[in-house]
Amino acid sequence: MQDVDIQTILDDIRQQTEAFGDRGNVADYIPELAKIDPARFGMSVRLVSGEVFETGDAGAAFSIQSISKLFTLTLALGKLGTGLWARVGREPSGTAFNSIVQLEYEHGIPRNPFINAGAIVVSDVILAGHRPREAIGEILRFVRFLADDPDILIDREVARSETETGFRNYALASYMRSFGNLDHDPALTLGVYFHQCAIAMTCRQLAAAGLYLANDGVSPLTGGRVVAPERARRINALMLMCGHYDGSGDFAFRVGLPAKSGVGGGILAIVPGKASVAVWSPGLDRNGNSQLGTWALEQLARRTGWNVFSG
Amino acid sequence: MQDVDIQTILDDIRQQTEAFGDRGNVADYIPELAKIDPARFGMSVRLVSGEVFETGDAGAAFSIQSISKLFTLTLALGKLGTGLWARVGREPSGTAFNSIVQLEYEHGIPRNPFINAGAIVVSDVILAGHRPREAIGEILRFVRFLADDPDILIDREVARSETETGFRNYALASYMRSFGNLDHDPALTLGVYFHQCAIAMTCRQLAAAGLYLANDGVSPLTGGRVVAPERARRINALMLMCGHYDGSGDFAFRVGLPAKSGVGGGILAIVPGKASVAVWSPGLDRNGNSQLGTWALEQLARRTGWNVFSG
Amino acid sequence: MQDVDIQTILDDIRQQTEAFGDRGNVADYIPELAKIDPARFGMSVRLVSGEVFETGDAGAAFSIQSISKLFTLTLALGKLGTGLWARVGREPSGTAFNSIVQLEYEHGIPRNPFINAGAIVVSDVILAGHRPREAIGEILRFVRFLADDPDILIDREVARSETETGFRNYALASYMRSFGNLDHDPALTLGVYFHQCAIAMTCRQLAAAGLYLANDGVSPLTGGRVVAPERARRINALMLMCGHYDGSGDFAFRVGLPAKSGVGGGILAIVPGKASVAVWSPGLDRNGNSQLGTWALEQLARRTGWNVFSG
Amino acid sequence: MQDVDIQTILDDIRQQTEAFGDRGNVADYIPELAKIDPARFGMSVRLVSGEVFETGDAGAAFSIQSISKLFTLTLALGKLGTGLWARVGREPSGTAFNSIVQLEYEHGIPRNPFINAGAIVVSDVILAGHRPREAIGEILRFVRFLADDPDILIDREVARSETETGFRNYALASYMRSFGNLDHDPALTLGVYFHQCAIAMTCRQLAAAGLYLANDGVSPLTGGRVVAPERARRINALMLMCGHYDGSGDFAFRVGLPAKSGVGGGILAIVPGKASVAVWSPGLDRNGNSQLGTWALEQLARRTGWNVFSG
């Protein structure tokens, strides 16, 4: 695989996306997200070796939404270690990202840290001993550190929009609180959660931020260790199993890479040992994952041979 | 990684298993299986390069049970191609291996080919145009071909035992039939299904039979192509996502390899590009997966560095 | 309330039904039932005092289907007494008449004897110690005795039709068998169940057969006691709570009488202390209950003041 | 039935309760309720004709909790009429009183007005156009009017206790809000709901307050019409179908009267045309209904012949 090839592949992919009639539907349950132009498309590939390849709107910031769950999980594991798994499971959910049914059957323990309920517990862990403002600041600093970019910001309008309309998340949080699996007032924990989801990043920044997971836990940007090799491997496993909600099986089948999606239309995918890839296309499929983003990663994986399931 | 190392690792693992107090419970819902000695333990590693490493009862035959679903899936994909996915999903189930709840909510379409309902549909595909006896024969010949071993047999006592007591599988089959997702009389399709589950194999044979999945679809034993590279990759993805029922997430987290378990206590794991590994220990955990077998694979993966999630 | 009034009410009701555009849909999952003319309508009121009032097709035989569950429950309680309640619950199901979900959550114990699963258990109780043919004969003789009419028959075509297509009932029976809540081979128990459902009766016969429930357990036709007063009262309670599947609440709200419906379009309603009422209109609502039959009973209850909830 | 008999029956019942070893468990999820002495027992029967019979602690106030749902339903029907049924169903739930599962499957529409979710919607209707304080005042005035007793109060400690710990109700309210089935901020609607549940009444007051439902909608105390006869009948039907959560079928089977229970240990039962009965015993069964209260009503119904299912 030559460098020139990756650039060619990215450009081909971007060009082909222009012909797509059905790009899925932009998330409309968060009013601020509904305003995004569905024609935007960007992609960024950052190799462990340092090279970067981009196409389209790779430099445009978008709301990372649930991709933030990857970063907060990393943070929370740093605070609580394996103790986190007493409060959150590690199994695919078999249900929609915001389902509350499973919580009733499993007594307030979310199935994994990437569905909403699980990520709210993770935020609750980060909030411990802090005020929401401080916890939000810590998350933002961590993301800036991972991306090696001090200019990453939270979109306050998006955060406000979710705070005002996120009743389903209030329900999840209150419900877990009733089982004793939330240590703070739901409004406080959700304050953290809504703000982390409202972080705005570009594909370029996202690919950079995820690179430690492709490099056994060490960021090639700074040379600093973020997590132990085993933890990097396990986070990748969780991403593959649960990173696309109830479409995770289909994503593994088609793309074959650990990845985390967000309803803002972004996906961050990890090629262990090789690269970190971010893609953005706002239109979503019925599971809430970027429709063209998934297709683009499928093309990339096919043409590069990047997938974890072949020799 | 030297060859001598693998043998040492296997011997270490076997030795350590002897100290285990809790080996889980032998499956008792199939009377024939309940008779197995829980102290048995075997493991076989077969490299793509041809080398074989073994320990313990690697040459003892046991009931492969649900590991057969891997071979019948391969067969059915050969017959029906991607058309199979109209009748079976590709998502983790989020429920027990024999749950019927999901079938009601999803109108008779099983979530994946590795839960019982999905495997019954796969058997129904193989049965098309044949009598049960012929379909069973075809499956057995295919498994013998994969393992390059004509001596593999079906344990008639186990098959009879399941036929007489498998009411839950009759329920699943009848239920799917009511939705039109079974083409044959449930008793006929289950005749195939119960016999495939009753195939008896050794760890040695199983590791051989799975090797095509570690070698992009070509069996290193015979040099023959079994499936296209993409299909091998996709079957591996399905194994990782769904191969351990509702414990698949935990297995991916701990072991990080595509694998399929059976209630006979066997597990077949694939190391893409490198090896096929079979392990057998009859005691099961609460999800119905071999308790020591999982632990043994975890040790092997840790000491060899074999997992799909690190660089 | 004068006798002449009831006849007038019945004639008014029948006349008004002629104007109805939407009569619901005739059951089509049983091929034989799908052939019935949806325009048929009959109604019969039999007072405890002996008087009979009729309108329309009150003398036309139709498939009583689930109304038979009332008679088999009475029989099975006679055999097993309150021991029956160890195998069947007494609560409304909150789900469709043929749902299997509840059985998984409640370990094979159906919620009540009027959903399919519950009625299959009841048939299983009646089958004990007999061959299916004998059990079917006993049920038929009991219904003839209740209706004081030796000419009631089983429609063999309907029974055959259900036997060939009733896969969902096979699923329910096999599933309960897997939990040990069925004492016979599912095919045997379902042989009884399908034949009881295929009993053909007229509104006239049905109203007669139900009269013991309006008369504290004694049949006014023969003067013979069928059940103790307390048992009659309790069967009425079960009818009100569970007699219309997941439309039982709506029926109680609108009509306010204990009643049991069947997918053949019949409903048998009890006015404690006063009368037994049978109505037949083949078109069903979305819960599987006769649409016009329910409306007709609502009119009758309103104009006569017959309901159990007012003073 | 002579008046003296009822008094004798009540005294017998009270005396027999003293021998009971297992009185169930006092509700402990509301701290204030957990303090109640489980040995308390009171019962009051008020005939439509005006006579009153009492035993035990009939004059002791307790937290009526969910019995309040009966009064708020009556109020809300007065405001919204049958339009209420677009927001709340009329079917038994088949699940626990505080289950959230059904809300997900049925898109935010609670199954009936007597489970928590349904009662919260009812409170939301009463809140329309008011501040919570005003709505609470209206409910309290209505209950005082029904009981013809200006001394009924809200227990502020209980209300505060629920406000601080009622996370599951916050979850239900937020969840319905996410489906658009709540018009106010969950905290406001729950402010009303928690206060109505905290109304403290004696058996004497409760029996008086319920009497309009036994008298076709007219209060015999004041002679004033509360609701139309049809509405009284329909509320009774709802009580019978849904008044005891997932124990409603059992209650109908054993007692045979429309009734509403509360986790404070009270039950209000209606004998159409004859009487209103209140009983109080704080120990609850597994469905959250008063264990001895149910038993006491069963005895009363048996000895008086008061039940709606016999002639």
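Letters are used for the chains, namely A, B, C and D, taken in the order the chains are written, and counting of residues starts over at 1 for each.
Rule of thumb we're sticking to: a contact is a pair of C-beta atoms (placed from the backbone, for glycine too) under 8 Å apart; a residue touches a chain by one contact, two chains touch by 3 or more.
On a predicted model such as this, the values are computed, not experimentally measured, just so you know.
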{"item": "Third chains touching both subunit D and subunit C", "value": "none"}
{"item": "Rounded Å distance between subunit A and subunit D, as computed from the means of their C-alpha atoms", "value": "47"}
{"item": "CA centroid of subunit B to CA centroid of subunit D, Å", "value": "55"}
{"item": "Residue numbers of subunit B (touch at least two other chains)", "value": "none"}
{"item": "Touch relationships between chains, expressed as pairs", "value": "A-B, A-D, B-C, C-D"}
{"item": "In the complex, subunit C residues that touch subunit D", "value": "48, 89-95, 102, 111-112, 214-216, 229, 232-234, 236-238, 240-242, 246-250, 252-253, 256, 258, 272-274, 307-311"}
{"item": "Subunit D to subunit A touching residues, read off their complex", "value": "99-101, 103-105, 167-168, 170-175, 177-178, 186"}
